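What follows is a set of structures for review.
Both complexes below contain subunit A, partnered by subunit B and then by subunit C.
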Partner chain A sequence: MEGPMRADAKVCSEGGTESSPRGPGCSLRHFACEQNLLSRPDGSASFLQGVAEKSRERLIRNTCEAVVLGALHPRTSITVVLQVVSDAGSLLACCLNAACMALVDAGVPMRALFCGVTCALDSDGTLVLDPTVKQEKEARAVLTFALDSVERKLLMSTTKGLYSDAELQQCLAAAQAASQHVFRFYRESLQRRYSKS
Partner chain B sequence: MAAGFKTVEPMEYYRRFLKENCRPDGRELGEFRTTTVNIGSISTADGSALVKLGNTTVVCGVKAEFAAPPSDAPDKGYVVPNVDLPPLCSSRFRSGPPGEEAQVASQFIADVIENSQIIQKEDLCISSGKLAWVLYCDLICLDYDGNILDACTFALLAALKNVQLPEVTINEDTALAEVNLKKKSYLSIRTHPVATSFAVFDDTLLIVDPTGEEEHLATGTLTIVMDEEGRLCCLHKPGGSGLTGAKLQDCMSRAVTRHKEVKKLMDEVINSMKPK
Partner chain C sequence: MAEAVPFGAESLAGGRARAARRVLDQVVLPGEELLLPEQEDVEGPGGAGERPLRLNAGARSRLRVVCGPGLRRCGDRLLVTKCGRLRHKDPGSGSSGGVYWVDSQQKRYVPVKGDHVIGIVTAKSGDIFKVDVGGSEPASLSYLAFEGATKRNRPNVQVGDLIYGQFVVANKDMEPEMVCIDSCGRANGMGVIGHDGLLFKVTLGLIRKLLAPDCEIIQEVGRLYPLEIVFGMNGRIWVKAKTIQQTLILANILEACEHMTADQRKQIFARLAES
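Moving on to the complex of A and B:
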């Protein structure tokens, strides 16, 4: 029992990657990811981003179903368990990112990767990506999108508050630009992980 | 023979129709089913409406009761929606606690009420910190043939327009509420949110107002809730195939025209009910 656990711990600390703090051109907060940190499940990942529930579950499930190639595994059930460690805003987007990384870690065949991005619109129309809890509460509208990695198409969207069509297009464009950073982070963290083992 | 083909290869059967830009029931891709609405038919409820979208039938009843306002918002009342999908509307639902679909629909309606600000909760307050109205909106589906969210939103809007609340005064001596059932007034409805649902086929085609069979064959769904000024209250896309920004724009324009159609229908019905 001692052996495997220590090996896992070693993998965790070396496999973890961290992204740069909010640098120029990227208005997302600092994020980090560790993979394979639990020994029992087939795949696991923790996604730290910045510091509901049947409908939220359904949103995540439907997004995963659209992307996972279920036809390759008939009569199989894939259970994705998400445990919130701490909520510092943009929770649904963080859950989506964690779910995607865990599916990759488990080796489930997918047709594309997906990522979650949250935008908040405050009362004068300024767009804030990846809002904190305080920014979400004070915002006029909060929009969460799930985008795929192949063509940046909109896989899932859920919104709160009132906004105009033009603002929606603006948020979608900003989310598509931000998703570049998230996908680049996925790639880097997977490269780090597989280059060690 | 067509029925046999439909059972064996439902997707192929459907694609044959889509190639000709129409659907098995004869509608075009952007056409809604016949919408009928009946307002105020339930006399025991404070407000009611029955909406039929083709075969899909939803009835909404609103009951108003007293409650103490929440401690963190002493000048606000409550609006509590509940969507019920009983076994009688479709064989896919079993009796017992509400299933996932009903819970998701209830959450959707609650979000629409919250986001669109259809009623100012301050209007429901009678005496700050002591007494407020709570409106229980029960939406029951009588026949499930797809597009339940559009029907529920329309039924809720029509029922709320029909609600009449009696005048309530607080007697200073006894501190009890006195209800004057003879003096009733309508609720002040600030916005008129209207939902338009789409189904995505084969990752490319978008059709409006899917029936039960079409929903089953679709690879994704999208619901847009818009108010009369073109502002969006809700863009609900629970997973499914991806959509580009351009496709989203087409959906927006369809949602705008649908809003006009629905508003016209509802105004006609309400005007026809006014005593001449």
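Moving on to the complex of A and C:
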């Protein structure tokens, strides 16, 4: 669970610069920059905007590892490359769905399919599934879940913001119901693919 | 889908196991469980847990079902691990219940013992050639594994040559090993492939389709131009015709075969036969 305080605690130093939020009216997130960190290329820089970058990759990796039958391919690495074409909200859920479809397309043996669902809770406590960028920004809490296809079990959850325990259960139940739609879409699109042959 | 959804509205019983017999030739997804015919009686109309009382337990047939690619045994059920169409083959005779497998479309090859593949020699180290077969590891090929090869009479294999051989060792724990002779010591078509011609890559599903006994594509292609063709189960095809242009035409046809229907294919062949 990443709270808003964590963004400021993670400080990038050693020749880097960072900007802190200038005040309550500033709408930009915390960012940090480091230059000349690789010796081989002529120039290199790393720019971190918000703290979500590396943890998102770790979340997707953990979900894939839980589902892929790695024991059938020892001493082998499976690389998943995700490229964001456009971000219209619920980016992590979209990445999870894309990763699952790519693994199925590659023929990697898996014990189940998985999907990602994002919920946003706004200040009234209303639950919105699959929020847009605007809804995510205005929400009090944003929760993303990865669910598996066999029994809708929870594979991964990441949350940001304030919410109560009852609201967490409510979001989880809504996500489980919504995952039915996603899995039905998977089935339809895969059937369409195989109907051509 | 940006509206609130009432929670708990739908039942979450999506993971119910289905009888394998009823799902034949349909698309199955990873995570589904399939029941074998033997277990169908147990899960029958009586509901979960009710077993029909059998008075002659000895007469109950014990089927031995073989679990093919894309399926894994999970308890006494089959777990689907790849997406594709479920197929079944009846055994001709005997007490086994046949083979179940999943026909999936895949580009990546995983070495299987007994498969005939086309490999490219990438290195020569001592007595072993390292051959790239498209898997996660290069396969090893001993110089004695050619017809008529002895320690004095080494085969003429250089780095970059194409080899047609079969796997004798191919499992997930060891490096794959291939040979270019069969069990009697004869080459049987295996060995170094000639220097001309074109090697190209297609999906594994297309290779299986082309190698099926009742495939007309190869016969039609053969009527078009005289050609030499080698199919590797690792998705590689080597083709050679009289001229470079004919070779390229054949390569394009075979690659496009995957997406064309039979009528479109016949049209293209007719057009090529005229010109």
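Operating definition for what follows: the second predicted complex is superposed on the first by the 145 of 197 C-alpha atoms of A that agree within 3 Å, B and C clash if a C-alpha of one lies under 4 Å from a C-alpha of the other, contacts with A are read in each partner's own complex, and residues count from 1 in each chain.
Note that in this section contacts are C-beta pairs under 8 Å (C-beta built on N, C-alpha and C of every residue); 3 or more make two chains touch, one makes a residue touch a chain.
These numbers were taken from a predicted model, which means no experiment stands behind them.
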Requested in this report: Considering only the touch criterion stated at the top, classify A:V104 as touching first (subunit B), second (subunit C), both, or neither.
Outcome: second
Query raised in the report: If you stack the two complexes on chain A, which partner ends up touching A:A173: first (subunit B), second (subunit C), both, or neither?
Result: both
Query raised in the report: Between subunit B (first) and subunit C (second), which, if any, makes contact with A:Q191: first, second, both or neither?
Result: second
Query raised in the report: With the two structures laid over each other on chain A, which partner does A:K54 touch: subunit B (first), subunit C (second), both, or neither?
Result: first
Query raised in the report: Of subunit B and subunit C, which one contacts the greater number of residues in subunit A?
Result: C
Query raised in the report: Does subunit B (first) or subunit C (second) touch A:T76, or do both, or does neither?
Result: second
Query raised in the report: Thinking of the overlay built on chain A, is A:E151 touched by subunit B (first), by subunit C (second), by both, or by neither?
Result: both
Report task. State whether A:T132 touches subunit B only (first), subunit C only (second), both chains, or neither. Result -> second
Query raised in the report: Thinking of the overlay built on chain A, is A:L162 touched by subunit B (first), by subunit C (second), by both, or by neither?
Result: first
Report summary line: Note: overlapping subunit A surface for subunit B and subunit C spans 148, 151, 173
Query raised in the report: Which subunit A residues qualify as touching subunit C in the complex?
Result: 69, 72-76, 104, 106-107, 109-113, 126-132, 135, 148-152, 170, 173-174, 176-178, 180-181, 183, 186-187, 190-191, 193-194, 196-197
Query - subunit A-touching residues of subunit C, taken from the complex the two chains share - result: 1-10, 12, 14-15, 27, 29-31, 70, 72, 79, 81-85, 104-108, 110, 136-137, 172-173, 205, 258-259
**Report entry** Interfacial residue positions of subunit A with respect to subunit B in the complex
**Finding:** 54-55, 58-66, 143, 146-148, 151, 153-165, 168-169, 172-173
Query raised in the report: Across the complex, what residues on subunit B touch subunit A?
Result: 100, 103-104, 107-108, 111, 114-117, 219-220, 227, 230-245, 248-249, 252
